[in-house]
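In order of appearance the chains are A, B, C and D, and numbering begins at 1 in each one.
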Amino acid sequence: MKKIINKPNDVVSEMLMGMVKANPKLVYFKDLEVIASRVKEKKVGLVSGGGSGHEPAHAGYVGKGMLDAAVSGNVFASPSPDRVLKGIQEANTGEGVLLIIKNYSGDIMNFGMAKDLAEMEGIRVEAVVVKDDVAVKDSTYSTGRRGIAGTVFVHKVAGAKAAAGGSLDEVKRVAEKTIANVRSMGMAMTPCILPGVGKAGFTLGENEIEIGMGIHGEPGVERTCVKTAAQLAEILCGKILADYDFAGSECAVMINGLGATPLMELYILNNEVEKILKENNIKIYRTFVGNYMTSLEMAGCSVTLLKLDEELKELLDAPCDTPALKV
Amino acid sequence: MKKIINKPNDVVSEMLMGMVKANPKLVYFKDLEVIASRVKEKKVGLVSGGGSGHEPAHAGYVGKGMLDAAVSGNVFASPSPDRVLKGIQEANTGEGVLLIIKNYSGDIMNFGMAKDLAEMEGIRVEAVVVKDDVAVKDSTYSTGRRGIAGTVFVHKVAGAKAAAGGSLDEVKRVAEKTIANVRSMGMAMTPCILPGVGKAGFTLGENEIEIGMGIHGEPGVERTCVKTAAQLAEILCGKILADYDFAGSECAVMINGLGATPLMELYILNNEVEKILKENNIKIYRTFVGNYMTSLEMAGCSVTLLKLDEELKELLDAPCDTPALKV
Amino acid sequence: MVICITPKEYVEYIELVAKKIEENKDYISELDSITGDGDHWANMNMGFQKLLECKEELASMRLNEMFKKIGMLIMTTVGGSSGVLYGSAYINASKVILDKEQMDLQLLCRVLEAELNAIMDRGNAKPGFKTMIDALHPAVERLKNAIEKGLDGKTALIELKQGAIEGMNSTKNMEAVKGRACYQANKGVGHLDPGAVTMCYQIEVLVDYLCR
Amino acid sequence: MVICITPKEYVEYIELVAKKIEENKDYISELDSITGDGDHWANMNMGFQKLLECKEELASMRLNEMFKKIGMLIMTTVGGSSGVLYGSAYINASKVILDKEQMDLQLLCRVLEAELNAIMDRGNAKPGFKTMIDALHPAVERLKNAIEKGLDGKTALIELKQGAIEGMNSTKNMEAVKGRACYQANKGVGHLDPGAVTMCYQIEVLVDYLCR
C-alpha cells in the first residue's frame, strides 16, 4: 500500500487538521471529526457528512453559501451519532438545522439517531436523503438508490437558500426539489485501498471496467472491457436519460472524477457528454468538471445531471466560498 | 491502458474542447491548441504553456487575474512555435506580452522561436524561466533546474500585477522576484502512462517511491521505500530549506498532487509540513492544497514554498477567477 | 450448570471476542469486500480494541452501567452500520438489566432479546434481510424455547449457539434488502453476510466461555 | 556512383524513414524512457506520419520549397525538442538549396551542414552534449572529408553513415548537458541518446536508399 499517511487509524483526524491549517475560515473539533465554519451567521444550519475517503466531500464544502458543518466517519464508515450531534450543535444558530444525508443505511441510522438526540436538546432538525445513483433500482422497501456526486448540488442549492435567509421548511423544500431532479451514473476502472485494510477489496482485469460501481466500491451493474470516452458517455448518459426525462430542459452537468482519474480525461468525457445532451435536446446551463465526490484513489468517474428551473438556476449561481467550490 | 479517451492522438484537442464547453469565458483555437480569455482587456498579456498532461496547468489558469492564453503541446511535449505564436497574438493588446516558461530545453527552444517570430510581427515579448525544482542542481551551463508547481505562483503574481495595470517591465520584475523566491521538491509513487505509448515508461516496486522525480517521470535523486507522511514532509522540506533560507520569513505553501493522489493524503502531508515550517520559524501566510500541476495519473506530490514580501503578499491575495484557481 | 455472569466475567468474554475478531481479519474483510464495502472487520476490530483499552474501567462498573458504557464506546468509536447497531443494542440491553449485579440464563435471554429488538428498530430491518439479525434472531428464539422447555443451562446455551450458526449460514442464500449488499446485482446471494458472521462469533465465544 | 536527389526521390526516402521509425517503436520509446520522458518515438513518428500524409504535395514542390515545407510540417506537428530542432534544421537547409532542382553529393553535404548548424543554434548545444548532434556532427565531418579527399560517391556515403553510427554509439558514455537526460543522477551515462539514434536512422536510411 503506497499512501502518504502515518498510522492508518489517524488518517481522518490528521487530514482534517491539515485541512483547517490550509483553510483558516474553518474550525476543527478533534475526536468528533467535525469541521465547521469559524464565523457563524444567524440562519438555517446545514450539516452533511458520511464516511471519509470521498474528499473534498464533505468538509471541503463547508463555508459561505454551502454547509455549516461536515461530519466525518472513518474511511467509508458512517460517522457515529455523537459526531453528527456535534455537527448539528455547531450548525445551529436557533433557526433549525437541515441534515443532508446520502442514502446508505449506515448514514441513515447514524444521522437518524443524532437527529433524535438533537431534538431531545430542543434543536429543530429536518433531514433529506439524496439518492441520485441510477445504477441502482429505487425501492421504498429496500435501502434503494445510493447518494453520490449529486449530493454536491444539494449542498449548493440548499446552502444558497439558507444563505438567502430561507426558513428551515424553505431550505428543505429546495433540497428536496434538487433531489427529485438530480440523477447520476458512474463507473470505475481501478479499485481503491482502505488505509486500515491495506489491500484492494476487489480486482479489475487489465482491460476491465465496472459500470455503476458505487463510491465505496460496491459492485456495479456490469463488468465490461475498456471503452472509448464516446462509448462511456453514451452508456452513462443513456442510463440517466432512460431514468428521468430531461428532454427540452435546462441542466447543470457535473463530470466528477473518483480520485485517480486525471482532469484531462474528465474534460474529454465532458466533450462527449455535451454532444449527447445536445442530441437529446437538453440545454446545458452550467458545467462542473473535477473531483467533487471521490473514492480514495479509485480511477473512474460519474456523470450527474440536474434539471433546473428558474429558482434552482438562481440558487446554483449564487456566490459560495468553500475550499472545494467557489462560485 | 485504462483511460477515458478516444484516439490517443486526439486527447489534447478533445480535452481543450471539453474544457471550453465547461468554461464559457474561455475560447479555444483548434489545431493550435491555444486557450485564451474570451474577453480582452487592455493590459500586459501573459502566456504560458508546455506539454499537456499537467492539467489543470496551464489552460486552467487562464482567466481574470492570471494568464491570458495557454498553449498546449502534445502530452509531455513542448508546443510548437506556431502554437506559441498564436498564444502571444491572442494575449497581445498592444502592451506587450510576458512568456512564463518552465525550464525544459524543449520549452525554451519552442517558446524562444515563437518569441523571435512574434517580435518579427512587431509584438514586444519578454520571457521568464521558472526553475523551482530543488531536486536538480542548478547550473548556468546545463539546462539546470526544472520548472514545476512553483510556476503556478508565478502565474498568480504576474497575473495580478498585469491586472493591476503594471507595465511589461513591472510584470516581468515581479515574475522574476517570484522565481527567485520559490522552491519546490516532489516525489512519485507510481508511474504514469502516455496515451500514445500505452505503457508506463518506468516501474516502481510494491514498496518503492522515488524522491525528486520530475513531472514527466524524469528520474529523481533517490529510490527508497515507502515513508510515513511525517518522514516525507521531513525529506521534501529538508531539501527545500537546505537550498534557500526561508527562516524568519513569511511563506506561501503549496501542497500539490500529481494526479492520482487523493486529497486526503495531501491534507495529511500539509499537516506535517506545517509542523516542520513552524519548527523552522517560518510563518505560513497562505496555503494551497490540491492538484495544481500534475503528471497524468501519477501518484505523488510536491511541496512548494514561496518567500513573501509585502508586494508579493498583495499580489497573491489579489482576486483571480480561473477554472482552476479562484482567489 | 448454573450461569452467572458478572461484569468481570463479561469483560473476560469481551477479551475473547476481541481475539477471535482479530484472528479473522482476512476472512471478514473479504466477506464485506464481496457483499459490502470491505470495512466490517476494521469496524468491529476498532470497537473491540477500544473496549479492551477500557477493560479495567468496565470491569469495575455495575452491570447495567457497563452495558450502557459498552454501547456508548462502540457507538462512538466504530461508526458505520455496525457501530450504531451494536451501540443501540447494548444501550437497550442495559435497560432490562436494571440493578441486577449479575446475569443468569433468564436475564441473558432477555438481554439478547433487547439487543435484537434495538437492532431491528434502528436498522428498520427484519429477519430474512441478510443482516446480523439473521444470526441473532434464531439464536434468541432457540434459547427462549429451551428455557421455556426447562432444558438445562448447558443444553440451552448449545441451542443458542446452534441457532446463531445456522442463522449465520442461512444468510448465504438470502438476498440483501438493507446494507450495502443490496446494491449488488445478485444482492449478495451465495455469500455469507459479514455482520451475521461476527454476530455469530460473539455468540459462539459467549457460549464456549460459559461452558468452559 | 552519381548522386542526384529530386523531390520525388526525397519523398521516397521520407517514406523509408517513416517505416524505419514505425518499426522501432518499443526500442526508441524505451531509450527515451530511460534517459528522458519516453515520448521521442511518438514525436518522431507523428512527424513522419504527417509527412507521409502530404507526400504527393511535397513531391510536386520545388526542392527548396519542399525542404521549407517539411520543416514547417515537422515544427507544427511534432512539438517537443525534436520538433523545433528538425523544423529549424529543414528550414535552414532550404536556404542553401537556393533554386537547385536536385541535390548532388556536394549539395547534400551543405544541406546536412546547414541542418547541423541550425540544430546547434536553436538547441544552444555542441557536440559532446549527448544529443542528436552527436550523430549528425561526425557524419557531416566525415562526408566533408571524403568529398575533400575526392573519394567516390559511394565511399563518401559509407563514410557519412559510419560517422552517424559511431557518433550515435559515442553517446552511450556521454553525460547529458541539455535535454531531459541531464536531470538524471548519472546524466544518462550507459544509455544511447534517443535523438542520436533516430538521427542515425535517418542517415542510414538515406545512404542505403542512395546506394540501392
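By our rule, contacts are C-beta pairs under 8 Å (C-beta built on N, C-alpha and C of every residue); 3 or more make two chains touch, one makes a residue touch a chain.
All values derive from a computational prediction rather than experimental measurement.
Among the remaining chains, none touches chain B as well as chain D. Counting steps between touching chains, the shortest path from chain C to chain D takes 3.
The distance from the centre of chain A to the centre of chain C, with each centre set as the mean of the Cα atoms, comes to 32 Å. Per-chain Cα centroids separate chain A from chain B by 29 Å. Between chain A and chain D the centroid-to-centroid distance comes to 54 Å (mean Cα coordinates, whole Å).
Across the assembly, chain C contributes no residue in contact with two or more other chains. Across the assembly, chain A contributes no residue in contact with two or more other chains.
Taken together, the touching pairs link the chains end to end in a line with two free ends. A complete list of chain pairs in contact reads A-B, A-C, B-D.
Per the touch definition, chain B reaches chain D in the complex via residues 9, 51, 73-83, 104-106, 108-110, 112-113, 135-136, 141-143, 146, 194, 196-197, 201-202, 214, 216-219, 221. For chain A in complex with chain B, the residues that touch the partner chain are 1-6, 11, 14-19, 21-23, 52-53, 55-56, 60, 189-190, 207, 209, 226, 228-230, 232, 253, 255, 259-272, 274, 284, 287-289, 291, 294, 296-297, 299, 301, 326. Chain C meets chain A in the complex at residues 29, 32-34, 36-39, 41-43, 46, 72, 75-81, 83-85, 87-88, 122-124, 177-180, 182-185.
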